[in-house]
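In what follows, structures are represented as structure tokens.
Consider the two complexes below, in which subunit A is the common component and subunit B and subunit C are the respective partners.
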Partner chain A sequence: MRDLRTERKGKILSVDNLPTLPPVLDEVTKMIEDENTSPKQIADVISKDQVLSAKVLKMVNSPVYGFPGRITTIHHALVLLGINVIRGIIISTAVFDVITSSMVGLWEHSLCTSTISKIIAEQINLKDPEEYAIAGLLHDLGKVIIAIQLPEEKKEIEEVQKKEDISYLEAEKKILGFGHDRVNAWLCDHWKLPLPTKEALAYHHNPSLAKFYPDFANVVHVADCISKVLEVGFSGDEIVPLLQKKSFLSLGLTFKKLAKIMDQVLENIIEVLTFIPK
Partner chain B sequence: MNKNIQEIFLISSNEDLINLFQKILKEKGKVYTFNKGRHVIEKILQSPPGLIILDTEIDDISYQEMIKLIKGENVYLHIPLIICLNIDVLQKIKELLDPEFEIDDFILKPIKEIEALVRIELTTSKASRFLDANPLTKLPGNTTIMQKIQGLIDAKKEFALGYCDLDFFKSYNDKYGFSRGDEVLMMTSRIIVNTVKEHCGAEGFVGHIGGDDFVFIVPIPKAEEVCKNITKNFDAIIPYFYDPVDRKQGFIISKNRKGKIEKFPLMAISIGVVFNRGNLKHYGEASQIAVNLKKAAKKSPKSSYILDRRNYGAQDR
Partner chain C sequence: MQKIPLNKAKEGMVLAKPVLKDNGMVLISENTELKEDHIAILKKQGIKFIVVKGAPLDMSEGMYGFSIKNRIERLDYIFRKHKNDKWMQKVKKFFFIYFNYQLKKMENQGD
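Up next, the complex of A and B:
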């Protein structure tokens, strides 16, 4: 078991060309060629795609630039990388050969969780809501990587999940011996992503494990639950995870505040859904 | 000679050429071959090799575009890049003479083994002699800066010269240590480079005098916009280079020059800009005025810039 795990971890970390969905890539390509678009506008669109966002953060936090683990938002990354490097990333990025509806579903779920994370952060007055949006966007990145690097195992996970009616996370653990949350942690270390982002990605299913930036894990955990209740997109199963009471309370959330958050979410959800054409 | 280069990226779809280089480079380092151009760009940007050999006949992206992408950034400029081309391409390539098109050498096809070997040796040793560049940021250093400014003055070209430095950098270094200080300098260099590039394209120039002192040269009408954006971007990003506690309270506690404990605000950037409208005669004069303006800007603990109104107001207002 140990060896198989090491082998799978190695395979996962050797991912070198993550593909994305064509519409997002096309949109960013168009914007980059247009001299009138500002870096801020380009950052806004990249911030809607988990693969491009992950690549940009991986680049800006790489030792080449000399400040690993510091930059958490796409906007700051763009200021530091410049349009030329972004172009390089875009040109290098391929699209999925086959796009399944489950993949589109995962993108929608991620984008929706991102939007909700940002709204929660704003409503409870956390500094820099943009950082929470990115954490929400990337929270299921491990699932994308598993699909790319371990396609056989991914099929097995889906079968077991359906057959035994368990959560996707449980199915991952059954087949792989670890879940996408663990994959997230490996990737964040390997890519030198900042600690707040890492804790959100690694502990969004178990936020009480976050030692340094509990707000991040808590916000993404709550956002993930809301996103699943709303059934926007599809993250692999239809089981809504148990909302951790501790997360809810430590963020200072109340049902009154939650109602306000939900109003905001419903207002914004249309825009989210129209971004990724099916 | 015969220094070992750790990683060599060979980009070509021609098998004979790949085999030949594999043979030639066996002793030089580990050769990675790629038969498509697009895919390798991100790899190069992410973890730059010690040498790039690019076949102009790759078909999925133009070699010109690849070169521009790689050589357009200060952090990659030092990587030696050699292209392999046919005589007809060579005849067409005026770009080879263009200083913006920064290849380090070329090898003509059909490739002669001994020629390729010597050219690679020369190119890599030349690259290691790239001495004037700042060792940290790889930006041009004092000699280049001086020549650039004097050249513009002698050619009677109008320009704006900005001097930048950081407020409270020393106290940050004292508290967080040199390597954290270097992170801040790298970040600052990227902000200045990208802002100048975004507003001025190839007309801009950025140099690193040393420590926390940087200069930039831009066309006069762009100067204020560039200053505004550098200060804005710096202020937005600098808090992330502090530990959470310091970021939250908005200051650090560190020793002052006399060794006494003192409170210091978060770092800020100060810029002084001098304009040349034919009034300046000498490099020293330009830098003196800019340094004095920068000192005036430094009086404010916040990020700020001061433009040399004596030579600006007259014609721009």
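Up next, the complex of A and C:
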């Protein structure tokens, strides 16, 4: 079993079919390591790729972030959102085409979870709510990667999920021996994503395992559950996951606060539903 | 309060938030009752969404594939794995009450 698992991990991370991230991202990652780099310098590098810049600006101006007015330059976006968010957006644009073609409805589910993550972070006064939005946007990336790298197994997962009426995650574990949460952790290491994002992606089904940034895992966990109640898009099954009470309480949430969060979600849902970046 | 696409805007709706230009300048201030002229200006300025008072777009029956009635109907099914979990039953009850409250609010507005 262990050997099979190692072999599958290798297959999942084999670069042949893994969506390629824009080369700009490598350059930017290196630049961040140098403390003397200014946002303007980073913006100049990203702006060189015009197609990418247009996609990033479209996402930055999406209902997820809800800025009044329009952000028209990468530099402005960087100053407003920070480099971690922009990196996350670049990754999401790179995998967007694959998401929409490999799992119908997953993009909508991701966008909805992203919006809810940001709303929760705002309502409980966490710093930099946009970083939670990025974690929410990328939280099911592992599902997409499994679909691309192990297409046969993906079919089996879907069959088992339907036949046994179990969650998509349980089905993944049955067929592969691990779930998309594990794949998320590998990917985050592979793409050198920041630790808060990694913990959110890796532990959104089991937030109590997050050691360093529990808020991130908790927020995306709760947002994912709400997103499944709303059933915007499709994420592989029609089952609300177990909302961990500990997670809910440790964010200081109550049903009264949840009602406020839901008010915000419903206020913005039409805009989210009509937004599909291309 | 509801954020609606500009093409659903109608005369008589009242802005719950000001409409801003790209540079942050106020185009039309909040509490303005929309007239045809306003809507034409907003269109010209390329504004896509506005926030209006109340909930003029009826999401109870369905709007862009989302409906509150459908949410209430689906609760039993999507919570089917948690029948014996007291906490999850509480969560489900919360959503049941919440969606019904929203539904009632929307119906009252229609009168």
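One rule holds in what follows: the second predicted complex is superposed on the first by the 187 of 278 C-alpha atoms of A that agree within 3 Å, B and C clash if a C-alpha of one lies under 4 Å from a C-alpha of the other, contacts with A are read in each partner's own complex, and residues count from 1 in each chain.
The criterion applied here is as follows: a residue touches a chain if its C-beta (ideal position, glycine included) is under 8 Å from a C-beta of that chain, and two chains touch if they have at least 3 such contacts.
The structure presented is a predicted model; accordingly, all values stated were derived computationally and were not measured.
**Student:** Using the superposition on chain A described above, determine whether A:70 touches subunit B (first), subunit C (second), both, or neither.
**Tutor:** In the superposition, A:70 contacts both subunit B and subunit C.
**Student:** If we overlay the two complexes on their shared chain A, which of subunit B and subunit C does A:101 touch? Say first, second, both or neither.
**Tutor:** Neither partner.
**Student:** Between subunit B and subunit C, whom does A:58 touch in the aligned arrangement: first, second, both, or neither?
**Tutor:** So A:58 only meets subunit B here.
**Student:** Who does A:91 touch here: subunit B (first), subunit C (second), both, or neither?
**Tutor:** First partner only, subunit B.
**Student:** On the A-aligned overlay, A:79 touches which partner chain: subunit B = first, subunit C = second, or both, or neither?
**Tutor:** Touch partner of A:79: subunit B, not subunit C.
**Student:** Who does A:14 touch here: subunit B (first), subunit C (second), both, or neither?
**Tutor:** A:14 contacts neither subunit B nor subunit C.
**Student:** Would you check which partner chain A:258 touches, where first means subunit B only, second means subunit C only, and both and neither mean what they say?
**Tutor:** Second partner only.
**Student:** Quick check for you: in the superposed arrangement, does A:270 touch first (subunit B), second (subunit C), both or neither?
**Tutor:** second
**Student:** Once the structures are superposed on A, label A:229 by its partner contacts, choosing first (subunit B), second (subunit C), both or neither.
**Tutor:** Touch status of A:229: second partner only.
**Student:** Would you tell me the residues on subunit A in contact with subunit B in one complex that are also in contact with subunit C in the other?
**Tutor:** 70, 72
**Student:** For subunit B, which residues count as touching subunit A in their complex?
**Tutor:** 38-43, 45-48, 61, 68-69, 72-73, 75, 136-137, 182-187, 190-191, 193-195, 197-198, 233, 236-237, 240-241, 244
**Student:** So in the complex, the part of subunit A that touches subunit C is made up of which residues?
**Tutor:** Contact set of subunit A toward subunit C: 63, 68-70, 72, 167, 228-232, 238-240, 242-243, 245, 255, 258-259, 262, 266-271, 273-274.
**Student:** Show me the residue ranges of subunit A that touch subunit B in the complex, using the header's touch definition.
**Tutor:** Residue positions touching the partner: 16-17, 39, 55, 58-59, 62, 64-67, 70-72, 76, 79-85, 87-89, 91-94, 194, 212-213.
**Student:** Using the touch rule from the top, collect the residues of subunit C that touch subunit A in their complex.
**Tutor:** 1-5, 20-24, 49, 51, 57, 59, 63-66, 71, 74-75, 77-82, 85, 87-88, 91, 94-95, 98, 102
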